[in-house]
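Consider the two complexes below, in which chain A is the common component and chain B and chain C are the respective partners.
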Partner chain A sequence: MIRSTGLADRAVDFAMALVEAPINAVERLIGKRRMPYLFLAPNLVLFGIFTFLPIAIAVGYAFTGGTELLISNRPFVGLDNFRKLLSCADYLTPGSCGESLFWTAIWNTLWFVGFNVVATLLVALITALILNRAIAARGFFRAMFFYPVLLSPVVIGLIWKWFLDRNGLLNAFLQMLGVPPEIFLLDVGWSRFFVVVVSVWFHMGFYTLILLAGLQAIPKDLYEAAAIDAATPSRTLFRITLPLLGPNLLVVLILLMIRSVQIFDEAWVLTNGGGPGTANTFLVQYIYQTAFAGDLRLFGLAAAASVLMGLVLLVLTLAQLRLGKKVES
Partner chain B sequence: MGDLKLTKLNKSFGAVAALNDVNLEIDNGEFVVFVGPSGCGKSTLLRIIAGLEDITSGSIAIGGRNVGALSPAERKIAMVFQSYALYPHMSVRKNLAFGLENLKFKRAEIEARIAEAARMLAIEPYLDRKPRQLSGGQRQRVAIGRAIVREPAIFLFDEPLSNLDAALRVQTRAEITKLHRQMKTTMIYVTHDQVEAMTMADKIVVLRAGRIEQVGTPLELFEHPRNLFVAGFLGSPRMNILRGKVVIGDDHSVFVDVGYPALLRTAADPASVSAGQEVLAGVRPAHFALTDGEGLPFEVQYHESLGTETYVYGNFQGQAEQVIVHQPGHFAPTPGAVLKIMPEEGRLHVFDPANELALARRSEPREELR
Partner chain C sequence: MHGTFNTIGFLTRTRRPGRIGITDILSWLWLIGGTLAVLVPVAWAGLSSLKPEAEITRFPPTLLPRAAMQAEVPGFDKPLSLWNVMIEGETREMAMVRRIGLKAQMVDPENPGKPISVDTKSISPVQRMTVATENYTDPLTRFSFLTFLKNSVFVTLVATLLTLIVNALAAFALSKYRFRGDKAIFVLIISTLMIPLTVVMVPAYLVIVGVGLVDNLWGVIIPTVASPTGVFLLRQYMLTIPDELIEAARVDAASEFRIFWRIVLPLTAPALAVLAIFSVLWRWNDFLWPLIVLSSRENFTLQVGLNAFQGEFSVQWHYILAMTFLSLVPVTVVFLFLQRYITAGIAGTGMK
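This part shows the complex of A and B:
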């Protein structure tokens, strides 16, 4: 027994003495090797109920048809839902597909992911590089760039909608400059552009924080050695900073990709449900509409789409983790 | 080439003065050691020479060229960092090549210089390894190699041995000295370790609180410290300091009375002192000799025997301050015993307690030191 003097220490000792006997008894009962699982059990139970069970249920629904909610009332249809989703004369032309909205959503999502990942990564990296310098009011700027992360996606969507509306702030500003107003959210190009802008603005603070932590972990004397070694700022960035930031960049890339594929709430609010037309209808919105918002509640089809999306995310994550190991070694 | 001149150099961090009116000249090819306690400004001074810190005022010239406004890369210096600062993601070869690539050297020249440095430092087997796969000593060599390939006019070392274990430190110390003899390039070396300073330097610069206290060869500083600080800083264990009063002898010799019948003969210039003046007398532990005749009564407390030498700790009778006496060989006085000791001829240092400066010496040659 550890000797201790403080009141807090004595309280800990007392608590330890209380649990020691029952823990020893349990250990005798189930054996030392099973003890870790006992301690993991509470977490595993919660994880099971709120994560693994829903996954299992979704997979189950994906093989059933009809519009009934209870799985016991739903007919088993085998791979029909998947067939419907994947049957396409030409995958590049959503109109030729059995489920054209699904493919519209997939292509929209892919484009969004591409632009959003590149834009967010660049903006977050540049912001982190600037915030890592000894600039004035650094703490204030760090807080300011992180602040949007704390907001709710719906709030973000609404704020930007006001900003971009026909009578919004941006048009008022443009008019002041003599530029004719533009109905940004009703134009396919502009609305897609601003969905990316809003997403970057919303999430960049989080990624900036991760990159900033990585930058600060790079020893200062490496930069001094590089200065003595006559490295130009750009060579220092590409040969010292970025390679040493590699692990953080990889984490950011994985998180960013996964979260980009999941784009839904802020875009849904901003674009009034994926408009104009289906220009901003993304995969998660398709799943949501198919299951809950349409005249027919096609739970099976939505579940199948979810399973497909889950598989894509899984493959992406594994590929990037493998890449990460290669980068490190 | 590799000569350096610092003139009226000042550096402050905000309101804190780190360096105060530093003037220093270093000749081409010298091995100069900056030494002093933590916070004395020695690393700041080195970093200023490197160009990693700006100066507040003053000038700094390398090879006769004012480099105050030049970037580190333009100063023809190379630096070995305390942490080595090797690029962790590059192989040893790439670490060595990086600076030369930045300077747009030809591939063949880069390869040749790397091969030469690797041979000199015996790091050829590790060229394709990453720094983390190397031991501390090997990393140290790579860091030195990175400096060598640049062929700088001045090498700067910032406490390069402090992360090595004791045995390796002694070995690397010798290797750096050897390197200097081979390359004959100016080297400036910062350390807080007086043994490194004494063993490696052509010239030692002792710093305290941002000021240069004394510049000289190791032996000059050891034998003629300019003030109490230098006297105490160099030499281990520290110099013993006794309070006393000046007595002028019949032959105009200056003696110090430290409160015992035995007077201590000094080499001080009688013109610079007056009888009765208070002084501080300094004697290094190794410069006390046992005597059968007249001597100071040294009461033994305990001793540390190192086999080849012995340190005896005690005090003068009736005084509280600890005094250390060094004796060669094994020597085991009983605690409580009173020994008669006297400073060896010419080994007494005398300081003015008011300004802590050493008193002026008589100009006659002092044979006893030869």
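This part shows the complex of A and C:
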């Protein structure tokens, strides 16, 4: 960095000289000891405006009604938004609720979270256990499973939509087996099934990586000792591997729950906006539609739903942090 | 255990040299099956994106992009379709002039004389491998995909550059100085990890309205710049840089900013590289936030554009898949070259 030869280097040096002069002037003004505050300022200002201020606004908006954007023009409605969201004759049948789509979304999300967490955890755990063995081309397979994690949810939604199309590869394969073609994404059951499949396909590589790191941290001499004692593989798994992986598994479980509750992008593209009907309308989609996509922009109702979802996520995150501390110690 | 297959054994047994057991076979089946599950949908979309419009919805589909061939034949205004015709036990390629009932009139495309009449049962269309490059060129020229691409590149590059600068400055302050409130500020920044976009998206949009950045690419960029993951990653790395280097520079009367720029930043290069890779991937793939902020077509990023495009052209899969594949390319290139850094970064921070 000290020798600058190329034109680009010189340009950067020139730009930095321009930036450096005023910053050094500030340093002379406020003194070296206050400089860290200056270095932190851009970051803290951005966090303040785009993270902490929105939280305050969300809470404020949740207690106001109407469709006006400016909070000063919005009527205070107290707990009306929460009452509307939470009033239900029977919580199991969304149709009986004040805001039936909200409860449809909640039940859809709960079912999705349940299936997705179990399926992803199982697939990731099995893959991590296999990749932890002395197997050839391990790096290649690890990379392969990880590849979808990097893709955009929109791209994944479209790729799978085409794969599951009436004229897609899956139907061609089924026809070879003599099974009549199916329009999977227009069927309630199949579409829900494939939203989980796509989600597992998308994210399992990430969790595999975390579990693999946990597995590799287990001291090898424990396994050597087990081998000397002629322990059966199942004993080794249940007495050594899983107990020592336990804290990691719990962290992954909660992380997976936090992420699953927020399902939106890939499901939205795959199911054409939550279809068929509202079979795949999830909580984030409800908030998005209520605030941005409906005829009425009900920011208050959407903010109230966001606050409720935020509380659930906060509980999960705090649990994760507690467990994370345990893993470290 | 005796003779019957044991799942747990299969998952935990380590390989004994010179023997391939059922456990190894099942491991391999799982890994190869998984690899196929990853690759097949992607490859299928890629192959399909090369098929011409008329071919893409053919069912059952062909694996490789093929198309029926046509030829210009002297004496005919329109190009004629080419067919394989069995004549006297020999297969010849001929052009079809017209079809009447079960008979078709064919001519030799090279040397069109009097058409001969053949049975339609004895002919089959000539198909050759074709690559429908128009699937890629049309959206880039006739639709606004080049604009989407430009917007995505702009957002990704600018946001990544700003992310590196802003978070490196904060990490420098939090790792190399003792000052009042340093611990509290670090905890405050890390605590923002707990606030996902989905929870604050409605009020964050209202803030964007307030600062006048609705339907503006800067409205997509600026809220993503300050990153708790970035601060954490860079701070942990900077903590390993010896303080003696900084003290020595102070003795030489270097300004604090100069120490940051000339000493700490170059030494943080590996961590900066990891953050840069993450930032590029995050910004390139972002969907929900740009979807909320951007409303006019000329400002769409590639992801928002793709989503809008598939809504409008729901049957034009040849275009949609080509553009999907195009947006896959940069990510795949990043993956192929930098896979090790990415996996190391995730294993190190537990974040993505």
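Keep in mind that, in the parts below, the second predicted complex is superposed on the first by the 270 of 329 C-alpha atoms of A that agree within 3 Å, B and C clash if a C-alpha of one lies under 4 Å from a C-alpha of the other, contacts with A are read in each partner's own complex, and residues count from 1 in each chain.
In this text, a contact is a pair of C-beta atoms (placed from the backbone, for glycine too) under 8 Å apart; a residue touches a chain by one contact, two chains touch by 3 or more.
Treat the numbers as computed from the prediction; the structure is a model and nothing was measured.
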Clash or fit (per the criteria above) of chain B with chain C on chain A: fit
So, A:Val188: does it touch chain B (first), chain C (second), both, or neither? neither
Taking the superposition as given, does A:Leu40 touch the first partner, chain B, the second, chain C, both, or neither? second
Once the structures are superposed on A, label A:Ala217 by its partner contacts, choosing first (chain B), second (chain C), both or neither. neither
Is A:Pro243 in contact with chain B, with chain C, with both, or with neither (first, second, both, neither)? first
So which one touches more of the residues on chain A, chain B or chain C? C
Does the superposition put A:Ala230 against chain B (first), chain C (second), both, or neither? first
Closest pair of CA atoms, one in chain B and one in chain C, after superposing: how far apart in Å? 7
On chain A, what residues does chain B touch that chain C touches as well? 232
Quick one: which bits of chain B touch chain A in the complex? Just the residue numbers, please. 50-52, 71-74, 77-79, 81, 83, 85-89, 98-99, 102-103, 146, 150
Of chain A, residues touching chain C in the complex: 1-2, 16, 19-20, 23-24, 27, 32-37, 39-40, 42-44, 46-47, 49-58, 61, 69, 126-127, 129-131, 133-135, 141-155, 158-163, 165-169, 171-172, 175-176, 181, 201, 206, 209-210, 213, 223, 232-234, 236-238, 241, 251, 255, 258, 262, 264-265, 269, 284, 287-288, 291-292, 299, 302-303, 306-307, 309-310, 313-314, 317
What residues on chain A touch chain B, complex-wise? 219, 221-222, 224-232, 235, 239-240, 243-244, 246
Contact set on chain C toward chain A in their complex: 1, 6, 8-15, 24, 27-28, 30-31, 34-35, 37-42, 44-45, 48, 56-61, 165-167, 169-170, 172-174, 177, 179, 182, 185, 188-189, 192-196, 198-207, 209, 211, 222-223, 225-226, 231, 255-258, 260-262, 266, 281, 284-285, 287-288, 292, 303, 306-307, 310, 317, 320-321, 324, 327-328, 331-332, 334-335, 339, 342-343, 346-347, 350, 352
